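One chain, chain A, links the two complexes that follow: it is found with chain B in the first and with chain C in the second.
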Partner chain A sequence: MRDRTAWTWHIAAGVVILVLLGLHMAIMHLDQTLGLFGVAGAEPVDWESVVARAGSAFFTVTYVLLLGAALYHGLYGLRNILLELNPGATLRRAVNVGLTALGLGLFVFGTWAALAAPGAAAVGG
Partner chain B sequence: MESRARPNRLGVLGWVGGGRWGFERYLYTLHRLTGLGLVAYFVMHIFVTSARALGPESWEQAMDVVSGPLFAVGEYLVFAAFAFHAVNGIRLALIELGFAVGRPIEPVYPYATSVGRQRRLARAALMVAAVIALWGGLDFFVLA
Partner chain C sequence: MAGTGPRRVTFRLRRFEPGTDREPRWEEHRVEVSPGMTVLDGLWKVKELHAPSLAWRSSCRMGICGSCGMLINGRPRLACNTQVAELGGDVVTVAALPNFGTVKDLVPDLGSMFETHRDLMPYLLRDDPAEQDDPTREYRQTPGELERYLQFSYCIKCGCCMAACPTVATDPHYAGPMPLGQAQRYNSDSRDGGFRRRRETLSGGGGPWRCHFAGECSQVCPKGVDPAKAIQLMKRDLVVDLLRLRRRRPPAPVADEPHGTPREGIAAPPPRTATAEG
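Let's look at the complex of A and B:
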C-alpha cells in the first residue's frame, strides 16, 4: 500500500475510533455520569452485563470494528515513529512484517473472543 | 507520515525536543506518548477481556487481577490519555484539511505565519481535553 493511502486510512480509522471508543468509554467508564441522565444499567464489568453485551449483535459488530480500527491506527502510528529513526532496508522490512503480523494476530484473537463470548455466556449462565 | 526526503537524523532527541517549533511541537510529542501508551494498554486490554470467552469464572478471575486502587488510577490515566489524544487528533485533522490556519496571503514584509491562528485552536483543544479529563476524574473517583 502506498504511504499516502495508508495515511488516509490512518485518519479514517481515527474517526471510527473517536466515535466507537467514545461510546465504549462512556458505557464502561463514565457509568456514574450516565446514571445522572438515567441511562446507566448494572455495573458494566459484572458478568450479567458482559453476557448482555455479548448477546447483542450491535455490541459484537462495533467491538470487532473498533478492534480492527484501533489496531490499524495504533500499529501504523507505531510504525511511523519507528521508521522515523531511518532504519536500514532489512530492519525496515522487519518492522513492516512484524507489526503487520502482530496486528493480524491480535485481530484474529480479539475477534475470536468476541464471537466465542455468547457461547461461553450460554454455558456459564 | 514518513518522509524519505528528510529523515529524522536526531533520533530520539528529534522525537522529544520542541526546538524552535514551540508549543504545538510539545503537543505533538504528547500526542505520540499518549498514543504509545494507549497502544500498550490496548494490547493488554485485548488479552484481559478475552477471558469472557472462557466463561464466568475466568472473567471474574481476570477482573480480580485488574481491580484495586492502583488499577483504578491506571485506568483513569488511560482515560485522560484518550481524552487528550482524541481532541488533539481532531485538531491535527482539522489543520491537515486546511481549517483554522487562515487564508493564504501574499508574502509581504512583515511576514505573517499561520502559527498565531493555529495557537487558538491548540488552546481550545487543550481546554476541551482538560474538561473531559476532569469530568472523567469526577466520575472515576468522586461519583463512584
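Let's look at the complex of A and C:
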C-alpha cells in the first residue's frame, strides 16, 4: 500500500473512532444525561444490559468496526514511530509484516469474541 | 563608569576541517561589537583578527540569497539577518546547520536537499514548450490564484527549515519542508499542469506523510514562509485526488492580446535578445 493510501485510511479510521467512541461514551457514561431525553434504558453495566447489547446486530457491527479502526489507527502510528528509528530495509519490512500480522491477529480474535458473546452470555446466564 | 566602553562578545564557533579533524571542535574568540552589527559581521571580524582559516558561506548580506543559514544560539537563522544585540548575552554560539553534512566549519552540505528539490520538479510543467521557450505573452492569472502560492514563493532555499525539522533529523527518506513546500508552491500555481507527475513521488515514502506537524520549519523560516502549512495543504490535495474528488483544470492559458488604445508615454520594450540560432 502506498503511503498516501495508508495515511488516508489512518485519517478515515480516526473519524470512525471519533464517532464510535463518542457513541460508546454516550451509552456507557452519559446514561443519566441521555435519560433526560428519554433515550437511556437500564444501567449500562448491568448483566442484562450487557447481554442485550451483545445480542444486538447493531452493537456487534459497531464493536467490530471500532476494533478495526482502533487497531489500524494505533498500529499505523506505531509503525511511523518505529520507522523513524531509521531501520534498514530488512528490518523495515519486518516492521511492516509484523505489525500487519499483529493487527490481523488481534482483529480476528476480537471479531470472534464479539460474535461469540451472545452464545457465551446465554450459557453464562 | 560601567557600560561606557565598547561591548565585547565571545564568538563560540564550531570548527571542522575534513581530512584533519575527526570530530568537530569548539573555538572561542572575543570581538568588539557595535550597534547594528550582525552575526555575519562578527564572523568577518573573527576571520580578520583571529581565525583566517574560518569558513562559511555567504553572499548578499541582506537576507535574499539564503547562503548564510547557520545554527546561531541553538536556532537556525541567517547570519546576515541576525543582529548580535538581539541575541542578548555575551556569548554567540555558531555552528553549521544540523541535519546536513558539514563541508567545513560553518558550511553545511546542502546537496541532498537540492537533489530532492530537483526531483520534485520545482518549475512550471506544461505541454506548450514552444511558448515557454519563447514566450509571446504572460500566462493569465488572477490575484486570487496568485495568493494561493505567493507566500511559498518567498522561499530562499537557505535550509533553516530542514535544520529545524525533527522528522528530517530522524528519517532520511523524508523529503523535508523545503522541497515539499516548493512542490506545493508549483502544484498550487494555476499556470502549472504538473500535479500528476509530482504525485508519483509525493504519494510514496518521500512525500509529506511523515510530517508530524511540529511546525518548527515555519517558526524558524527567516522569510516568514509557512512550509508546515504547505505540507498540510499538500496532504489534503493528495487525499482529495485519491478519492477522485480533485477538480482537474488545465494550466492557465496565455493572456489575450491587449486591446484598446495604447497609452501614450510608455516606452517601447527593448528588442529581444538574439538566441544562439539567431
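Just so we're on the same page, the second predicted complex is superposed on the first by the 120 of 125 C-alpha atoms of A that agree within 3 Å, B and C clash if a C-alpha of one lies under 4 Å from a C-alpha of the other, contacts with A are read in each partner's own complex, and residues count from 1 in each chain.
Keep in mind that, in the parts below, contacts are C-beta pairs under 8 Å (C-beta built on N, C-alpha and C of every residue); 3 or more make two chains touch, one makes a residue touch a chain.
Predicted, not measured: the structure shown is a model, and the values here were computed from it.
Of the two partner chains placed around the shared chain by superposition, neither chain B nor chain C is touched by A:S56.
In the superposed pair of complexes, A:L85 makes contact with chain B and with chain C alike. By the touch criterion defined above, A:I11 lies against chain B and chain C together after alignment on the C-alpha atoms of chain A.
In the superposed model, A:R2 lies in contact with chain C only, and not with chain B. When chain B and chain C are set side by side, the one touching more residues of chain A is B.
In the superposition on chain A, A:G110 makes contact with chain B only, while chain C stays out of contact range. Using the contact criterion defined above for the overlaid structures, shared-chain residue A:A120 touches chain B, although it does not reach chain C. By the touch criterion defined above, A:T100 reaches neither chain B nor chain C. When both complexes are aligned on chain A by C-alpha atoms, chain A residues 3-4, 7, 11, 80, 83-86 touch chain B in the first and chain C in the second.
Chain B meets chain A in the complex at residues 1-2, 7-9, 11, 14-15, 32, 35-36, 38-39, 42-43, 46, 49-50, 52-57, 59-60, 63, 75, 79, 82, 86, 89-90, 93, 96, 135-136, 138-140, 143-144. Of all residues in chain C, only 167, 170-172, 202-205, 207, 209-210, 235, 238-239, 242-243 touch chain A in the complex they form.
Note for the complex: chain A touches chain B at residues 3-4, 7, 11, 14-15, 17-18, 21-22, 25, 29-33, 35-36, 45, 47, 50, 54, 67, 70-71, 74-75, 77-78, 80-81, 83-86, 106, 109-110, 112-114, 116-117, 119-121, 123-125.
Across the complex, chain A meets chain C through its residues 2-8, 11, 80, 83-86.
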